[in-house]
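Structures for review follow.
Okay, so subunit A shows up in both of these, paired with subunit B first and subunit C after.
And now, the complex of A and B:
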């Protein structure tokens, strides 16, 4: 930063007398120049798939929206079976702009998971997990699972009828794991059934445990992105390479356009379709019809419905849970399981398998969303 | 009127002293009657296999006498062994009553079953007529059947809760049969237009059927003075209120039968506010002239009720619109429930026939309904405010996006330094 001081260059500059002296003092101590130097050097490759690079930034932005709105909700939310529903009702009806904050948090959660899934899919099909970015993928996959955990734990917090019974079904799923399943389910619920103890537990998971793990993983993920830079897809030919875009300000300004559009979408959804609260959970009531989890769990929910009671002597649900676990492991360990990618070669079989899984998940989700909830078992 | 058919068989074990054997041997009666293939004699034998009595170990001879073990028809139908063949209708109640009025015997099979059916029957209109020698009236077998008797809780039984009204109508809907008794034959068709029948059609079997008001074995129309008591077995609040009203004594003096004076007996339709008045649907004109104090009081109560009903309707419509727009209106909905309760209470208080009581509760309900509607309108105003805020925000976002795009273009136009 420059600025006329009227002092000769021979004399030592008294830093505190300069108008930007405080900023300079901070800059020296924070190593700001290093950061601006890093930002000036950071570039984003330009090619026909550049648009997919924006998904990561969008996911990060939506996550920050979730953090901000979540903190605001914490000011009024009360995590107990007797007060949770009423406190959310209070937020929606009495707290100034509480309806907006809660609706943005709820809609934002769905948008966030959607964008994270798209981000993962684009990274997969562009083979951006190739060496040396294996750990970037692995941390990203873990962040996806945590995002799903955020969704699952947050769904129960309003303590309404739908979330209560969906959580009862959801927490029953781990019980299908042989030997340790019932214990896992019990730990998750804080008892044999979904009660106020489950609510307290899910609250703790949602606002403390998962955010702490996310902070570590997200920090590592971003650090790795900075360290290795953006991956250029294998399919992009060298003659198509149109150079690079400076991250700051060129790419960041484009990112901001997307973020503003996301804010607009969230605001519109919140104002026109405020997130419903429903009826307060009644553990003694019978489960209402149409119980189903959030859309990103629907494919698994529907798949479990289709599985027969026994497959080769193994309970269908146990096998289903095992398959989901295996799928999660394959997703997380993908860079280590795809040797072709590490040798800078395409991996068409992985592409076909992933396409098959995605199409099946999409079809199951659509079936679950049909009025009859698909043909269940 | 259906009578018992004769079952021709063997040795008699007559009288109430006859004890059933839980594992009674198969009788020759049924075998022989089935083999007869006779249009009159075979069906009873077929039907008896599913009869509650057969399942409890009773055989034909318990009612018909004779010798079930005899292989010869003459011996089986030997009158010296108590054979009585077809039981005439006039004897049916006594034959059934031999066991069903025997406390000791019935306890062996169903300790909770009543044993006063016979004495009840004797007190009924049917019983009175039968005692006078009119064998066309209903007796046990007319309703329960003779050889295929099923428990009342069995839905196939003609006297099961779901079917009893149709069973009564078999006789009471028959103009030829009812004519000599000077009884109407349109009771069932009237009943089908009643709120009670509609409730049963929706699956509510606790809603009254014929026997709920008339009794079953002691069936007889309620007397004028006991109508309110009969209705009050279900409508307890209304009955209590009516007894406190000035109409209670007045009706007694005039010989009017309480509830049914305004509500009818079989064709009990959904009551409306229009009942209160001297208009075409009004129920007051038979006693109160137009412009009389009674008619004015009725009109006042009607206006109070109509006002509250309109108030709750308006509040409900407003709250529904707000709820459909996703607004949080649970408190207003709760208040609306209180207004609905007030309307129910005000309608109930009509039976006190005191306009001041109706006005008090109706006014309080109307205040609540108005408050709920105001909350609904406030929610709708909030919805509009949010939408205006949204459009303003979207405008600002569009401006910001435009500014960013211009900035990006500006940067893109500058020569890129390496």
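And now, the complex of A and C:
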């Protein structure tokens, strides 16, 4: 409201009076004072493991990259057996920057799963799942399974040779569960075999069902992180207080540097190694030699190769599925199985067991990557 | 607020009327449960795909001529919606086997250099009779009848 005459005076008027009034109006109606108050109090402890706190934020950022690129891909993708491959080909070859969007989505998916696994490993070894954060771990474990579901369902969508057989195997694995297995496999496939009906179903799972479940679980996960704050590892608990970093803006700005690096890595990978499309799926072709799934399924894939047809009268795959299920259950229920950690006691046996499982998974993954492991020729 | 205080007032008015209250609660709970079940049932049924009548042909005459398959080669042919491995042994005999691996449903292939049947997915092998020889496959491949009428190949369920 300052008129021209006011310019002659030495003291300027207080600036931004009107925006403040508008902000005040909004603040009164939306009531975000509680939020800003909470945000101002949010802190991140400083100790020698502080760097691991960045993994969760990185996973969240990569997830949001997947959401954004996924939405963009939806605008051109067509979920049918006769058009899916061609529409992805069109995105890669014709649509301006289509190759970039799809490659970022594919590379981002892999990076995301990798970061989530690192996040989980750090939370495990620093025992951040002990009371009162059990539910944060459990929702996190469920989110990991959903991330794998995203990877598996998204893999089929380009409808190429590799994804076709990967889906045939992947949907035949649950069929090995006694009693309900065949029904489960039918529900997943949308029929008795992998066809266009499976593609429709996986599309729905990938773009609607899993995102809906993720929104709920991720919301709860993040809410719990805010509620309980950052966990301080047992080993640094009794050390003298080294202070804390304010989340806004100190920690967030550091987070953002990491996100910028992640975007750089994604863009570089996508430009230098655009994601391949392969050959269109043909239900009447043999599985190609050297076929293998994405890296995060390689350990399971390799284990399925080693399981003999029958072990003590039980079909090998049934036993395999049972073991995978048991592992998933132990991972999800870990805070309840390790009550010692909640009493602030170290749990070296759990550490040893987890190290053993990780080393075994790594060894199986390396074996699957060896040329002889894939082809057997 | 007025509604809340009215409810509180009614609670105060009948503090010992618990059996009626329990009955009403049970009734509400049961009908709520029944409503949820009646919503869920069609959804769950919807998720299970209907069993489509699979092509019930028991006999298919292929587009492939018998002379197009030289000894020690094979190809995948469709039979009643499924993949079938049609092969000619080195001695010249035509054989047909279901091509779906009995392990985890990949499609097998004929290995020329070893004259065996191999699944690329988990390294399972079968001999030319379809018997599972090594690797994880639990059962043999199913054999089908092959006949040659003129130069036409006819596959039939055994």
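Here, the second predicted complex is superposed on the first by the 351 of 377 C-alpha atoms of A that agree within 3 Å, B and C clash if a C-alpha of one lies under 4 Å from a C-alpha of the other, contacts with A are read in each partner's own complex, and residues count from 1 in each chain.
Heads up, the rule we're going with is that a residue touches a chain if its C-beta (ideal position, glycine included) is under 8 Å from a C-beta of that chain, and two chains touch if they have at least 3 such contacts.
Because the structure is predicted, anything quoted here is derived from the model rather than measured.
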item	value
Subunit C versus subunit B on the shared subunit A, clash or fit after superposition	fit
First, second, both or neither for A:216, with subunit B first and subunit C second	neither
Angular separation of subunit B and subunit C about subunit A, which is computed from CA centres of the superposed model and rounded to the nearest 10 °	50
First, second, both or neither for A:289, with subunit B first and subunit C second	second
Which of subunit B and subunit C A:192 touches, first, second, both or neither	second
Partner chain in contact with A:254 - subunit B first, subunit C second, else both or neither	first
Which of subunit B and subunit C A:311 touches, first, second, both or neither	neither
Subunit A residues touched by each partner, larger count belonging to subunit B or subunit C	C
Which superposed partner A:272 touches (first subunit B, second subunit C, both, neither)	first
Per-pair minimum CA distance [subunit C against subunit B, superposed on A] in Å	5
Of subunit B, residues touching subunit A in the complex	326-328, 330-331, 386-387, 389-390, 393-394, 397-398, 400-401, 404-405, 407-408, 411-412, 416
Residues of subunit C defined as touching subunit A within the complex	47-49, 51-52, 54, 76-78, 81-83, 99, 101, 103-109, 111, 118-123, 132, 135-138
Residue ranges of subunit A in contact with subunit C within the complex	165, 168-169, 172-173, 183, 186-187, 189-193, 197, 283-291, 301, 304-305, 307-310, 315-317, 375-377
Parts of subunit A lying in touch with subunit B, wherever the complex brings them together	89, 92-93, 99-100, 246, 249-250, 253-254, 256-257, 260-261, 263-264, 267-268, 271-277
